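Next, two complexes with subunit A in common: one pairs it with subunit B, the other with subunit C.
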Partner chain A sequence: MKRKGLGFYLRIYRKILIQDIKSKMSYRADFIISTIGMIFTNIAGFVSFWILFRNFPSINGWNYYEMLFLYGFSLISLTPVQCFFDNNWSLRTYVYSGDFIKYCFRPINLFFYYQSEVFDIKGLGQLAFGVGTLIYSWNKIGLAVTPLMLLKVILFLITASLVMIALQNAAAATCFWIQNSFYVLDLVLKFKDYAKYPITIFSPVFRFIFTFIMPVAFIAYYPSLVILRPDAVPILSWLSPFIGCLFFWLSYKFWMYSAMKYSGTGS
Partner chain B sequence: MENMIELRNVSKEFKVLNRREGLKGSIKDLFSRDYKIVRAVDNISMNIKQGEIIGYLGPNGAGKSTTIKMMTGVLEPTSGEILVGGNIPYKNRTKNAQEIGVVFGQRSQLWWALPLIESFKLLKDIYQISNSDYNSMLALYQSLVDIEPLLHKPVRQMSLGQRTLSDILAAFLHNPKIVFLDEPTIGLDVSMKAKIRTLIHALNKEKHTTVILTTHDMGDVDALCQRIVIIDKGKMLYNNDIEHLKGFFGSYRTLKIRIDGELKQQAKVIQEELPDFSVSADEEWISILVDEEKATVMEVLNQLQQSHEIRDMQLEEISTEEVIKKIYEEGVE
Partner chain C sequence: MKLRKYFSLTRAGIIESLQFRLATVVMIFGNLLYLIVVYFLWKAIFASSGTDMVNGMTFSDTLIYLVLATALFNFMEMYTVWEIGRNIQSGKIVLDLLKPMEYRRYLFWSYSGTFVTQFFFTFLPTFIVVAIVTHGAITFGFNLVFFVISVIMAVAINYSIDFLVGTICLYTESIWGINIMKQVIVLLLSGATIPIAFFPEPLKTIVYYLPFQSIYNAPLTLLLDGNSKPDTTLITLGTQLIWCVVMLVLSKLFWKISLRQITVNGG
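Showing the complex of A and B:
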C-alpha cells in the first residue's frame, strides 16, 4: 500500500468535485434556480449594508470604503466554509439515523471522506461578490498594488477562512455528544454575521467575546488591519494566521475524536 | 487453511442511563448518574477460516451488529482480543479497512449522485487498485451479472435491488480478504434475492473471499452458508456446520396430514392424542413435528390412522428456519 499524501487526497477530491458538479448541472432547473437564489442572497446582503452606510458616512473612524473592504474580506474568507465544509450541516442527521457509520469503512481519512462528499457551488457566487467588493474598495481607498501586499492579503484571507471552518467543525461535532446540535451550529452561524464589522464599534464585553470566546473578529477585522492600518497593527492581527491554523487543527482533532467515540445505532 | 478472523473471549459493554418515566423523570435524568452496564456481547470466541461463508444469526438485538462493528474496527471491545486478517481492527482502522468490504442492506455506501462506474473509479483510487486488477474485476462482474444497464445510472435512481447489487459489487471491487454483508437481501423480491445469492456464491468461489453474512432470511443461509454462528443476548448459542444443526434437537421431521372436518379443531384433538409433539394447522394441512427419538413417523401415522381417516399425507424434513426459530425461542440445553 502506497503512502497516502496530500497529492493522493487532492486527486480524489478533484475527481469527486468534477463528478459532483456534472451531476448537479444535469438537474438543470435545480441548478438555475439555486444560482439565481444565490445571486439574490448576495445582492440583498449588499443592499442592507449599503443602506446602513449611506446614513453614516463613517463609524468609529472607519469610512465607507474601509467598511466595504471589511465586508468584501469577510465574504471571501467565509467562502471556503460554504463550499467545502457544507456537509457539516448534515452531520447530525447522519449521526441520529445511524447512517454515519457508512463513512467509517474506507481506508482514508474519515474527516476528509465525509467533507469531500458535498461541494456547495453556491459559495462561488459569494466569492465573486467578495472579490469584486474587495478590488473596488482597494481602488477607492488607494491602496498600493505590490506583490508583497497581494501576498499578505492572500495569506491572511486563507488563514482567516480557517477560523470559520474551525468554529463550524467544532459546532457540528457536538452532535456526537448531544442529541440536537442544530442550535449550536445555528448559534455559530448567527455570530458569523458580526464578522463584517470592526469590533471597536462593540462594547468591551462583546469585544472580548468576539476575540476570545467566539473569535469571529479573526474572520475579517484583525487580518484586515494589516492591510488597512499598517501603521498601528495590533499584535492579535499578526497572530491571526497562527490562530487560524491552530483553531483549525484543534477543531479537526475534536471532530475526529468525537467521531471515533461514536458507535452508531443498532440495525 | 489459516484463520482469517479470530475472536477470543470478546465482550462489549455499554453504559446506559436508567431512564425514569414522565417529564419529572426526564428532568431528574438530566442530573442522574444512575447508569447500568449492558453486556451487548458476552464472552464470544470463534475462528473463521479463509474462504468460508459464515451465517451470523440471532434475533433482533442479539448483539450481531455490535460484533460486526468490533470486527470492522468501529467499536473497541471492552475485553478480549480480535484479529481480522492479522490486524487488530480498532487499532489499525485504516489498514483494516483496506482488507475488508462492508455492505449494509439498507444503507448504500456509494456516492448518491454518481453513476455506478464513476463510484467504481473513485473506489479504484481510494483503494489504490491497479489497472489490471480493476479491469479483470470488471470483466468478472460482467461475466456474473448484467451490469451494463447499471453502470451509467446514478445510484439514487436505482431500485433497492439494483442498489444492493451495486453495493455488493463495490464491496468486492478491491478484492478484500473479508466481506461483511449485513442483511443484504432485506426487502428484495424473490428473483433479486436469488440473483444476489448466486453473485455472492460465485464471488466467494472465484476470489476465496471470506464472507460474514448476517440475515434473518433462512433462504440466504441455506443457499450460501456452510457454517452458522448463532448468538442471543450477547452469548454464543451455536457454532457449527449447518448439517449438524438439523440434528441438534434430535432428529425432527414434519408430518403433514389431511383429514375431514374443521382442521383447527382436529388439530386440537390430535394434540391431545400426541402430547409429546407440537401440532398446528393451516387451511390445508395439519402439521405434526415428530421427534424421531421419541417415536418414528410410521408409529405416529399408525396411531393416527386408528382414530382418523387420513385423506392425504406429506413428509417434510425440518427446515433451517424452524430449527433457528426453536433455538431463538428455547435456547440450547
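Showing the complex of A and C:
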C-alpha cells in the first residue's frame, strides 16, 4: 500500500470535521449547555486559584504573576487533548460493543481515523481563557515580546501538549486489556489538575515521581522555565520538547499495538 | 414494616458496590495522590505566609479540613445527575416510575448501600488515620455528635440539590454540561476545595447565605471547633436544618411539576 501524505490526511480531517460539527449542531441545546459548563469549569478554576494565591506575595519563590503564567500555560497545553483526542473517552464503549471493528476496515491510519471522528469545540473556550491569562501575566511580569520568545513559547506549548495527549492515549488503550478503563482515564484526567503548580513545592521523592513516572511536570513547569527563568534553565526544560514527542510516539505505538490485538466481539 | 422495603434496597446496594473492587482501588489511589498534592501545596502556602495561623486556621486544621472534605465527598457523591440523565436517555426511567415507591426515594435508597460501604471502607479509615496522625487536633467531645447530625443533614441537602439538578435533565436532555456546572459550583462554594475561611470578604458573606456551605463547611467546622460556643453551633445546625427543609420541598415540587414534561424515547 502506498503511504499517504500529510496533505491527504489534512483533506480527510477537514471533511470529517465538517460532518462532526454538523452532527453536533443538530443537538444545539446540549452543545450550548456543554459549552457553558466548560466555561464554568474554567472560571471556577481561576477563582480558586485567585482565592488561594492572592494573599501571598510569593509561594516557594514564585510570585503571583509567575504562578498565573504557569496556570495559563497549562490551560493552553491541555487544550489539544480536549479538542482533538476526546474520542478516547468513547473507546471503551466501542470496544465493548464491537463497533470498533468498523475503524479497522478503512485504508487509512487506524489511530488517525479514530481520533479524527470527534472534534470537541468546547476546548476552544479553554484556549481563549489560557491565552488571555498568559498574555496578562506576560505583561505583568514584563517579559519582552520578541519573535524568538514567541517562537519558543509556541514550540514549547505544542510539545508540552503532547505529554497529556500521550497519557490519555495510553490510558484509553488499556480498555483493550481490561474491561472498564473508565477509572484509569478518570485517574489520568486528575493528573492535569496538578500541572499548574511549580514542582519545587514537592519533596524530592514526589518531584521524581511527577517528572519521570507521571510526567505532569512537563505539561507546564519545565517548559515554562525556559521563558520565566532564562538564566537558570535546567537540562530537563531543554529536553522537554523531545520528551513530549517521545511520549506521544510511545503512546501511539501502545495504542496501535493494543488495537491490533482487538479481535472484535463477533457481532 | 415500612422501613423494611428501604433496607432491602440498601442491602442490594451493598452487595452491588462490593462487586467493583478494582474501581475502589483506583479511586483510593487517585485520592491519595490528590491528598499528597494538597499537603505539599498548603505546606508551601503556610511556609511562605510566615505565620502559623492563616485566616484563623493552622496548617493541621487546614489539612484535616481538606482531607475529611475529600472523604466526605466520596461518601456523599451519588452521581444522581448522571443516573437520572442516563435513565431518561435510555428510557429506563419509565420502569422506575412504575415502582410502588416515589422515584426520589427509590433512587436514594437504592444508592444507600454504597453509603454503608463507603463509610466503612473510606471515611472511617481516613478519619482514624487523620485523628492519629495529627494527634490531638481533633477533640473528642460533643463536637462528634454535632458532626454526625450535621453530616446526616448534609447528605440530605446534597441529595436534594442533585435531584433538583437531575430534574433539569428532563427538559434539556443534556447531562454532561448540567452535571459539570453543578459539580463545579458545589465543590467551590461548599468549601470542599478551599476552606471558606480563606475566601475574601464580600464573597465569604455571600457564600454563607447559599445552601452549598451547609454540605461540607458546616460539618467540618463543627468537628474542628472543639469548644465552640453553644450559639454558633446552634446557628450552624439551624441554618442546615432550614436548607434541608427548603431543598427537600423544592426538589419534590420541581419533580412533580416536571414529570408532566417527560418524553421517553423507546425504553
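Everything that follows uses one rule, which is that the second predicted complex is superposed on the first by the 263 of 267 C-alpha atoms of A that agree within 3 Å, B and C clash if a C-alpha of one lies under 4 Å from a C-alpha of the other, contacts with A are read in each partner's own complex, and residues count from 1 in each chain.
Keep this in mind: a residue touches a chain if its C-beta (ideal position, glycine included) is under 8 Å from a C-beta of that chain, and two chains touch if they have at least 3 such contacts.
Note that the coordinates shown come from a computational prediction; the quantities given were computed from them, not determined experimentally.
Of the two partner chains placed by superposition, A:221 touches none, neither subunit B nor subunit C.
Greater residue coverage of subunit A by touch, when subunit B is weighed against subunit C, goes to C.
With both structures placed on the common chain, the touch criterion links A:117 to subunit B but leaves subunit C unconnected.
Looking at the shared chain after the overlay, A:23 reaches subunit B, while subunit C stays out of its contact range.
When the two structures are aligned on the shared chain, A:69 is found in touch with neither subunit B nor subunit C.
Contacts of A:15 after superposition on the shared chain: subunit B is touched, whereas subunit C is not.
Of the two partner chains placed around the shared chain by superposition, subunit B is the only one that A:104 touches, whereas subunit C remains out of contact. In the superposition on chain A, contact is made by A:51 with subunit C only, not with subunit B. Residue contacts after overlaying the shared chain place A:252 against neither subunit B nor subunit C.
By the touch criterion given at the top, residues 14, 61, 65-66, 69, 72-75, 93-95, 97-98, 100, 102, 104, 106-109, 111, 113-114, 118, 121-122, 125-128, 154, 182-183 of subunit B touch subunit A in their complex. Contact residues on subunit A toward subunit B in their complex (touch as defined above): 1-2, 8, 11-12, 15-16, 19-20, 23-24, 98-99, 101-102, 104-108, 117, 263-264, 266-267. Contacts from subunit C toward subunit A in the complex involve residues 22-23, 26-27, 29-30, 33-34, 36-37, 40-41, 43-45, 47-49, 54, 172-174, 176-181, 184-185, 187-188, 193-194, 198-200, 203.
Of all residues in subunit A, those touching subunit C in their complex are 27, 29-30, 33-38, 40-41, 44, 47-48, 51-52, 54-60, 178, 180, 183-184, 186-187, 190, 193-194, 197, 201-203, 206.
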